[in-house]
Amino acid sequence: MTTTHPNAMSDIEAHGHERSAEGEVQPTIELVTQEGKNKQLGVWLFIAAESVLFASFFAVYLALRHSIPNGPQPKDLFELPLVFVMTAILLTSSFTSVMAVMNMRQLKSSAMKGWLVLTWLLGFSFLLLEIYEFNHYVHMGHTFTSSAFGTAFYSLVGFHGAHVAFGLLWLMTLLLRNARREITPYTAPKVYSFSLYWHFVDLVWVFIFTIVYLMGKVG
Amino acid sequence: MSGESSTFKRPDRREIRSELKVQTTAFAVSIFLTILAFGAVVYAIEQGASQGFAVSFIIALAIVQVAFQAYIWMHLKDKGHGVPQLFFYMAVYVTAMTVIGLMFMSWWSA
Amino acid sequence: MKKKRLGRGVIVLLFTFLALTLSACGDPRLTTFSPNGTNAEESLYLIKLSAYIMFAVMAVVFVLLLYVIIRFRAKSDDTSIPKQVEGSTLLEFIWTAIPVIIIIFLAVITINMTFSMAQDHSEDPDAVKLEVIAHQYWWEFRYPELGIVTAQDLYIPKGKKIAATLRGDDVIHSFWVPNLTGKIDTNPGYNRDGTLQNVNRFTFDSKTTGIFLGKCAELCGPSHPLMEFKVIALEPADFEAWVAKMKEPVQVKGQTAVQGEKIFQQNCAACHAVDASDQAKRPGPNLANIGNRLTIAGYLPAETEADMRESLVKWIEEPNRYKPQNEQATVKTVVMPPFKDKLSKEEMNELIDFLLEQKQYDPANFKIGTEVK
Amino acid sequence: MATVAVRAESERKKKSMLWDYLTTVDHKKIAHLYFWTGLFYFLLGGLEALLMRTQLAFPLNTFLTGKSYNEVLTMHGTTMIFLVAMPLLFALMNAVVPLMIGARDLAFPYVNALSYWLYFFGALVMHIGFLTGNVPQGGWTGYMPLSLPEYSGFGMSYYAMGLQLSGLGTLLTGINFVATIVNMRAPGMTYMRMPLFVWTTLIASILIMFAFPPLTAGLFLMIYDQLFGGQVFNVAGGGNVILWQHLFWIFGHPEVYIVVLPAFGIFSEVIPVFSRKRLFGYPAMVVATALIAFFGFMVWVHHMFTVGLGPLANGIFAVMTTIIAVPTGIKIFNWIATMWGGKLRMTTAMHWSVGFIFTFVMGGVTGVMMALPPADYQYHDTYFIVAHFHYTLIGGTVFSIFAGAYYWWPKMFGRLLNETLGKIHFWFFFIGFHMTFFIQHFLGLWGMQRRVYTYLPGQGFDLANLVSTIGAYLMAIGVIVFAINIVYTFVKGKPAPADPWDGRTLEWATKAPVPEYNFARLPLIRGIDALWLEKMAGHKEMPVIEDYHDIHMPNSTVLPFLMSLTLAIAALGFIWKEEFNHAFLYMGIGGIVLTLLVMFFRSVIDDEGYHIPKAEIEREEMKGVSV
């Protein structure tokens, strides 16, 4: 026989049934569904794992940044004004995605999309500047194969660039598929996941401009 | 979706305003920290100041900035972020091990 | 049922018995159980110490386990429910604390020994300086202060510290003479200015005279197991004699050997020197004293002159058969080419006559009556 | 928002079995996929082991020499760790972890399928070298610079690409299980009520999340150096060969715990059930597991004591390593204490568990001995090491997989494996195992280095190697008995009841066979050993927290299969561009583009799953359980 156990309900109260406990504080739109909660946690876990992946590339770079049997030194290579502009652009794009999420939570669909488009444009200009920068280095003789330093540099910065490019593809897909949709508990977690990812890409850049570019100039 | 509440919170006007203030401040602080870091390096190069100091200074700035963005932009400060926070710190721990390991145990002279 | 319990007891006894007897086995020129050097003695001390402690730990666990599975086995009709015990803080504390004490004890000894074994003797004027360079698949030994270069057979004086630096010429190898010392890797690596990096430095010695077997312990390619070498520990006076002899050029006497020298000059001299004081970096091993080598190519027999002839012919004709290389490697490391079709039988004999006259110092007296413990 | 389709009943069971398994996202079916694939590679890896032992039976044997031996050696190690140990554990995790916490599936069913197919294609890529003639041969550790094409051709590129694919799958599995265990527990299933297998799965998954990225980075750099002219490990270009060893072992040591912690979890389930007693010292077991994981990231240099990092590094890492023995010891004593005072039923699963304690203690104590650098200078890279890690990996992981297979077979496949055959399997394998590996401790100490295809006569190795080889064949007989048992069970085995062992945890509260939604109504958990508590209180079933309702299920999809396939195509394209012809570069790029395309489809196609109607569920549940 399958009946609800008579003690079941009192047990829920005694042990603080998680769902009912969360029910008291209403969640924001991206967290109402189980899928939304899973997505948020999943992206965080992914970010944690990716941090260690980037950390490994950073560690390799730090170990090899003086290993330049031939090719130019970081001091002669890096141009701080360009890096500063790139940094400012990426930071701003991270901020615009914050604004997008704030508007999403208020269900302001068109404002959210506007901020997302702005994020995309900023991200895209960052990517263009990075391509320009790499092209410039190659002409100076600093290539992927020129030295261990070269490989470590392009592995790290290029891997970040690949993350930016992937983020742009992701955001474009999101914008396309949601172009005519409203904000729902089904679509909101997707936007929120993207914004978390995009912030993470920005966080990595903070360490890149510090450790690769600024330290390349002084250390 | 069965078994799940479909009601969710729409932040009210006051919450929006305070949140907007916090996020904008975070942005301003980020930009400020960035300028500070670049400025420190330019200063160090031109004035020939201690490079060790410059390096530790900019790394400290980077750590502050990352913590700031993670807590505010990525909402780690918000309720219900205990597990993400835990994993954030685990990642910091493994990162530290990896970086220390490769930086200090890869090269040695005879 | 009883049979199985008995079986388990027998296994435990058997292992203890085996452990005690097996340690006496092994080749005395090789096994770590008969150390002849300081490093090996220290290692064995720690191995034994930790093993005894661990035997005790194992004994405790096995006795408990055996007792439990015999005492508490349910009878087939027993459906009673035993007391559901949650745990015991006292017990948890005990089986945390005891291992912690054991580990602190081991750690103190270990740290001390790790540092003492790492003592650097490279500035010690009494120590013999040695450079070990590992190649696919042979060992080069250089004595920078004595001006001697040899290969495969490493001569050292008994009782003196050998301050060695080690590096790999191609991939990573590992230097190991179980009787004398534990392993140390030979890493390849260069600085920005082309100087060597990640060169290892370590010290070892032999407390007795004798011939010991050495091995490469890091996978280095298809012929990794064949990359053996010998260490010949001599009385200090004999070592001096060896040094002096090695520096004297050999006068080739036999008529065929004189012919052989020409063949050697034409075919072999680009890669091999026969002069132990030849300091140039050459792709092949220095062949000084090859007439007295204990083995050919590190492992082919050279007990008698006939053995040695046969081994040399085999090796020179088809080196790739006796030390296989990797034919898929995209950049060929310098490999000894086969001379099977290049030299006539007569030429081969002459060449070998020449090589066999390369006898500066004969360690034969140590082949018999070695002082190995 | 698109409406969620309610599935018509007639749609069920229309799919062919092949298509069903190709597109499934159900954790129970993915468990089957993992299990059979893992078992296949177990047989393959075992065959490779037999080939090696045959070669080593006599000195200077010529059965399998030089490069061929190194190939078999490399594939044996890589296969057993990456394609056998982890997938078989994933099989058991997939099969029972959601059931144990009262969930309807993993947090990300789609990703779960993707993980499996990445593993499947990663394993294929690794083995394709056997067709093109370039087989991995640098050892499962892939040390640089031996793994560069300059020294061993492109074999190690298959290794790197294959590991990269299956490693990505493993990483996703790790994330998936963490998210599932954190977010999907049934009401009342607090952290400190989770069965220990769930705990060890959680902690092993966390280890996966943090240990695999360094390997991924290392493999990327390896691939760059092998196929794209990178210089990271190329000493002529300023590279450093030690970096690979660090990256590999920062991954490699936690990896050991990734495969052994779930094993501990399995024994922590089996031993209480067959002792009819709750697990002794549950909180200590949980804390010990967490401590092992924490320290697991601070000990990697003990694999590198002979590299020459200096006494300071060696000393620090030696101490950190010995510390790990403490929590492991706690576990051993708690298992014995669990059996103490119990009513032991010596089933096959219990045989494996007792055999495990016996074996693993021996592997554990040699582990402490090896943690001491001055002693390790002698052990390192010898057969002593080989003996040690086979004692832990076979004695721990493989024994646990067998224990888990006998224990959970009725839950996974609805039948009970034959106990008599099971015990024959155990005794052959157990005796063969000790015969093979015990003597190897001494081989190492007598001076036999590992990874050698042959040894010279007259160095004292001959008899011991022959004994070891005979032992290996005894183990093989054990595995054959297991295979016979499986076939016998499928042909003649009787359907198993839902709770054949008088189980204690939640998975035994589900019906036999487990319906695709696992629990028609989510249960309420009121303590450790939830089912046992209810049984003791005289209840036949778990209390539930909800009435019957439509159950939301994810759609099956072929996209994970396609995504993995296209990535494998890309991987092969990049290898072949160097191995054969530069035109294959287009195949590599094409594969990447196709992968992105599949991801694009995944994003734009609305996939909100379907509902199983309440009526259908009620009807199924009414059929009752055949006890």
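When the chains are written out, they are named A, B, C and D in that same order, and each has its own residue count from 1.
Throughout what follows, a contact is a pair of C-beta atoms (placed from the backbone, for glycine too) under 8 Å apart; a residue touches a chain by one contact, two chains touch by 3 or more.
Here the structure is a predicted model, which means the values were calculated and not measured.
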Nearest-to-centre chain - CA centroid comparison: D
Chain located farthest away, centre of subunit A as origin (C-alpha): C
Distance from the mean Cα position of subunit B to that of subunit A, given in whole angstrom: 13
Gap in Å, rounded to a whole number, between the CA centres of subunit D and subunit A: 31
Computed distance of Cα centres, subunit D from subunit B, in Å: 35
Two or more partner chains touched - positions in subunit D: 182, 209-210, 214, 236, 238, 240, 242-243, 247, 250, 308, 310
Residues within subunit C bordering two or more other chains: 190, 192, 197-198, 200-201
Multi-partner residues of subunit B (each touching 2 or more other chains): 1, 83, 87, 90-91, 94, 98, 101-102, 106-108
Subunit D partner contacts - residues on subunit C that touch it in the complex: 8, 11, 15, 18, 22-23, 25-27, 30-33, 39-40, 42-44, 46-47, 50-51, 54, 57-58, 61-62, 64-65, 68-69, 72-74, 78, 80-88, 91-92, 95-96, 99-100, 103, 106-107, 110-111, 113-115, 117-118, 136, 170-172, 174, 176, 178, 181-185, 187-190, 192, 197-198, 200-202, 213, 215-226, 228, 299, 324, 326-331, 333
Footprint of subunit A on subunit D - complex, ascending: 1, 107-108, 111, 171, 174-176, 178-179, 182-185, 187-188, 190, 209-210, 212-214, 216-218, 220-221, 224-225, 228-232, 234, 236-240, 243, 247, 250, 521, 524, 526, 539-541, 543-545, 547, 596, 600, 603-604, 608, 621
Residues of subunit B that touch subunit A when the two form their complex: 1, 4-11, 16, 19-20, 23, 26-27, 30-31, 34, 37-38, 41-42, 44-45, 51, 54-55, 58-59, 61-62, 65-66, 69-70, 73-74, 79-80, 83-84, 87-88, 90-92, 94-95, 98-99, 101-103, 106-107
Contact set on subunit A toward subunit D in their complex: 1-2, 4-5, 7-8, 11-12, 15, 17-19, 34, 37-38, 41-42, 45-46, 48-50, 52-53, 55-57, 60, 63-64, 67-69, 144-152, 155, 159, 169-170, 173-174, 176-177, 184, 186
Of all residues in subunit B, those that touch subunit D in their complex: 1-3, 83, 87, 90-91, 93-94, 97-98, 101-102, 105-108
